[in-house]
Amino acid sequence: MNPRLKRFWSAQLALTPAWLIVIFAYIGTILWTVQISFTSSKVFPVSNYVGFAQYSRLFASDRWMISVNNLFIFGGLFIVGCLVIGFLLAVFLDQRIRAESMFRTIFLYPYALSFIVTGLVWQWTLNPTLGIQQTVRNWGFESFTFDWLTRGDRAIYVVALAGIWQSSGLVMAILLAGLRGVDGELWKAAKVDGIPTWRVYLHVVIPILAPMFVTATVLLATAVVKVYDLVVALTNGGPGISTEVPAKFVIEYLFQRQNLGLATAASTVMMITVLCVLAPWLYWQYFRQPRSAR
Amino acid sequence: MASVSIRKLDIEFGSIKVIRELDLEIAEGEFIVLLGPSGCGKSTLLNAVAGLLDVAGGQIWIGGKNVTWEEPKDRGIGMVFQSYALYPRMTVRGNLTFGLKMARTPKADIEARVAKAAKILQIEPLLERRPSELSGGQRQRVAIGRALVRDVDVFLFDEPLSNLDAKLRTELRVEIKRLHHELGSTMIYVTHDQIEALTLADRIAVMNGGIIQQLASPKEIYRRPINRFVAGFVGSPAMNFVDGTLSFSGGSPAFVLPDGARIDLSGYAFLGQVEEGRKATLGIRPEQVDPFERGDHTSQLPVNLTMLEPMGADSLVWGRVGSSSFSIRIDGDQHIDTPARIDAFFSPDHASIFDAASGNRL
Amino acid sequence: MTSVDLAAGPSGPRPKRLTAGRVGLYAFLVIAALFFLIPLYVMIITSLKPMSEIRLGNLFALPSDPSFYAWAKAWSSACTGLNCDGIHVGMLNSVKILIPSVIVSISVGAVTGYALSFWRPKGSNFLFAVLLLGAFIPYQVFLYPLVRMLSIVSLYNSIPGVVFVHSIFGLPLMTLLFRNFYAGIPIDLFKAARVDGGGFWAIFLRLMLPLSTPIIVVAAILQITGIWNDFLFGLIFAGRENFPMTVQLNNIVNSSFGEKEYNVNMAATILTALVPLFVYFVSGRWFVRGIASGAVKG
């Protein structure tokens, strides 16, 4: 065989598993899912096409609308909370403090845990009859109330709190790496110019860290859309359906409520939303910049 | 304009003393270069003058005022850094005015100062650009401009040209020299590049191991280095060093090579009394040796030539004296056959003699 | 000591003041550390208390009579619905899922990253783009067709099935990791190997792989914690017999039979968290490097 041909043949052969996965497990499944979403499938997929009927049913469903609403509340709080806390932690850790590595270890360990573990721990800590509420009452503050976990209008905030607890460390780690990369002479120049520290952070450092903020936001946003196990372990969607989220909606309609058409319509909506947000970022991050740059 | 005075300065990093009891007096309007290899303490000293690190002992005076405890911004200094340290994502104008705005300088005053600095540095067309859109040379001009608008008496340069390519470096070197003439400000300039030091400085402080080895005019440093370190660090190609012993027995002083050859040293001004048989090193610069004719030179030494290296305007002839490598600079038009064994001529008053043990000039 | 004229003003180091800012800094850090540590603390002490003490509702109080009863029960006889075999069954399953998944996903990711980085055959840009998108698309889109595909080849509800799924969804991150790592290796090294006559596999096995130890460690840390912590794939693809530890933990805690034994639940939770915590504490900076290199382009 022509050696040039053989060379590329080896490379293509090595990429076979990746190609198979991409073609069947990614592209194939997506097409299949989208196809089912246009049928009236219930327990088994059927080819009775009903147009966008499943989609209009989806958006008429209270459960779905609550899920979407929760996703925005949770997502907004979670992303902003993680970014703010993570940034503050990173900045404070960057002040040549004592025991820095101990603090870093403490702030990041929750990120190593499963969302299931996180959810269960907070479920237990915030349980009104045995957790913090009762403990504070036992200390003598009889009227102390912190029962958000059991209140339909507040439970989603508890989910956000648990999420922030787990993922702030991630933001901290990313931004701390960024802070350590800031040119030390920049700090000196600012000092000679007499610029107060907080202004240097605001006008110089944060702009430098912008790409890292974007990266962290993308990672957090991905976690938001995928959030499932945290809710299962912490509230299981309750009280009632007050903390349902789209990912959980899909799983339930796929495997318990046996309504394939509706579930696939919901997952298609999720995918399209993510793609719309993501595609520009991915393009900017990986394809626009030439490989040689930096 | 302001003088700078450093008195008995100690600087410690943890338990390590980097600078110990250092004294340095810099006159008003003087251009002083701190020259030395990396880790010699020159940048540390500059940062201490700027107030960017705490001193462990001693005082720093700028313009007749004790600023040892002052904040950098209150010392009347401007500083230019190796990495330019421009604030990214701010325009050039933003970079120039950021510090002034912090100091609540009146708006009209800011405008005037920026216009003046931009004119001096010829960066007017760049004012609305961002640092990422500038070349290295332009960035360093802007960095100098940032120091300029502060309207200060003392400029501190921390290896400002090290990140530039050779051509730009020469260009900006001339620029800085012109700036010094124009402003007449006191300038302290840190570099490891001896060409920069020799071309720019009124006086050079050659530093090593946290100590000023020699503080003198460029000419003095080049001609009469105080010790072997200074002699070897300044000059390119480096000064030739030949080991041997000193002899005074024959009526006139002489340098004796290990093989017994005597080199006459009459005319060399010894700093003090030296005893017979002292082990010493003869140092002589490549251009102070003439391989062709005696001329006015009074001394000669045997060289084994091995190779000719043409470099355009001049050529280097490489060879050995005894076991030491030896180089001679000749005019680029001249030719010499290699290999060959010749006698090369020099004048002892252009040579340097160092003690073999201490390295100090004898 | 020195002859500096002290009358002329300050000399020597600036006096250090304990500024309010510095105090506030440490206060913030300590409070933050408490916020992060309290759940862990509560978990541990609760697991050592008997139920009678837990019912008193003193969450932060140390156990008056610490006992490992709850740990033993969690390990060997806690109930998930009908079975009362404890969480050790799940642990075994998790290990059986973890080891092959980590090996397969890293191997495929390394080869793919290497091919994409140095060889770039036709279509590699497209392949990489789809892989990247795949890393961010919600899994829900893939699930049902995958279930059907796996049942056709009778891998559904089996350990190889879960391993397969983990390898599929681990591929984007692993590929990205190795591609970025190889992008940092001087291309001249690769060219030199080509000039010396190295082929695709020879260069990979003899040159690149030995250089890849750091990134393999990072990949292993990410995959071990990621796969161990997985809930969704285990729940859907493993089948009742093969549920991993996380699924079993959730079943134990949220099973609706009888009184909730919080101490047993907490012990089971800690047991489930042990492996990733161990990896985290042992790997230290490598873990940070892992999330950073997975997140930031190399």
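Chains: A, B and C, in written order; residue numbering restarts at 1 for each.
As a convention for this text, a residue touches a chain if its C-beta (ideal position, glycine included) is under 8 Å from a C-beta of that chain, and two chains touch if they have at least 3 such contacts.
Only a predicted model underlies this, so the values are computations on that prediction, with no experimental measurement involved.
Asks: What chain pair has the highest count of contacting C-beta pairs?
Replies: A-C
Asks: Give the label of the chain whose average Cα location is farthest from that of chain A.
Replies: B
Asks: On a C-alpha centroid basis, what's the spacing between chain B and chain C, in Å?
Replies: Chain B and chain C have C-alpha centres separated by 54 Å.
Asks: Where the centres are mean C-alpha positions, what is the separation of chain A from chain C, in Å?
Replies: For chain A versus chain C, the centre distance works out to 15 Å.
Asks: Quick check: what residues of chain C touch more than one other chain, meaning two or more?
Replies: Answer for chain C, listing residues that touch two or more other chains: there are none.
Asks: Please set out, as single numbers or ranges, the residues of chain B touching at least two other chains.
Replies: In chain B, no residue touches two or more other chains.
Asks: Please name which positions on chain A make contact with chain B in the complex.
Replies: Result: residues 183, 185-186, 188-196, 199, 203-204, 207-208 of chain A touch chain B.
Asks: How about chain B: which of its residues touch chain C in the complex?
Replies: 7-8, 10, 21, 54-59, 66, 68-69
Asks: Residues of chain C touching chain A in their complex?
Replies: 25-26, 28-29, 32-33, 35-40, 42-43, 46, 54-60, 108, 111-112, 114-116, 119-122, 124-125, 127-146, 149, 167-168, 171, 175, 183, 199-201, 204, 225, 228-232, 236, 246, 249-250, 253-254, 262, 265-266, 269, 272-273, 276-277, 279-281, 284, 287-288, 291-292, 295-297
Asks: Please give the residue numbers of chain C that touch chain B in the complex, ascending.
Replies: Touch residues, chain C against chain B: 1-4, 8-14.
Asks: Would you mind writing out the residues of chain A in touch with chain C in their complex?
Replies: 7-8, 10-12, 14-15, 17-19, 21-22, 24-30, 32-33, 36, 85, 88-89, 92-93, 95, 97, 103-117, 120-125, 129-132, 134-135, 137-138, 165, 169-170, 173-174, 177, 212, 215-216, 218-219, 222, 225-226, 228-229, 232-233, 236, 246-247, 250-251, 254-255, 260, 263-264, 266-268, 270-271, 274-275, 278-279, 282, 285-287, 291
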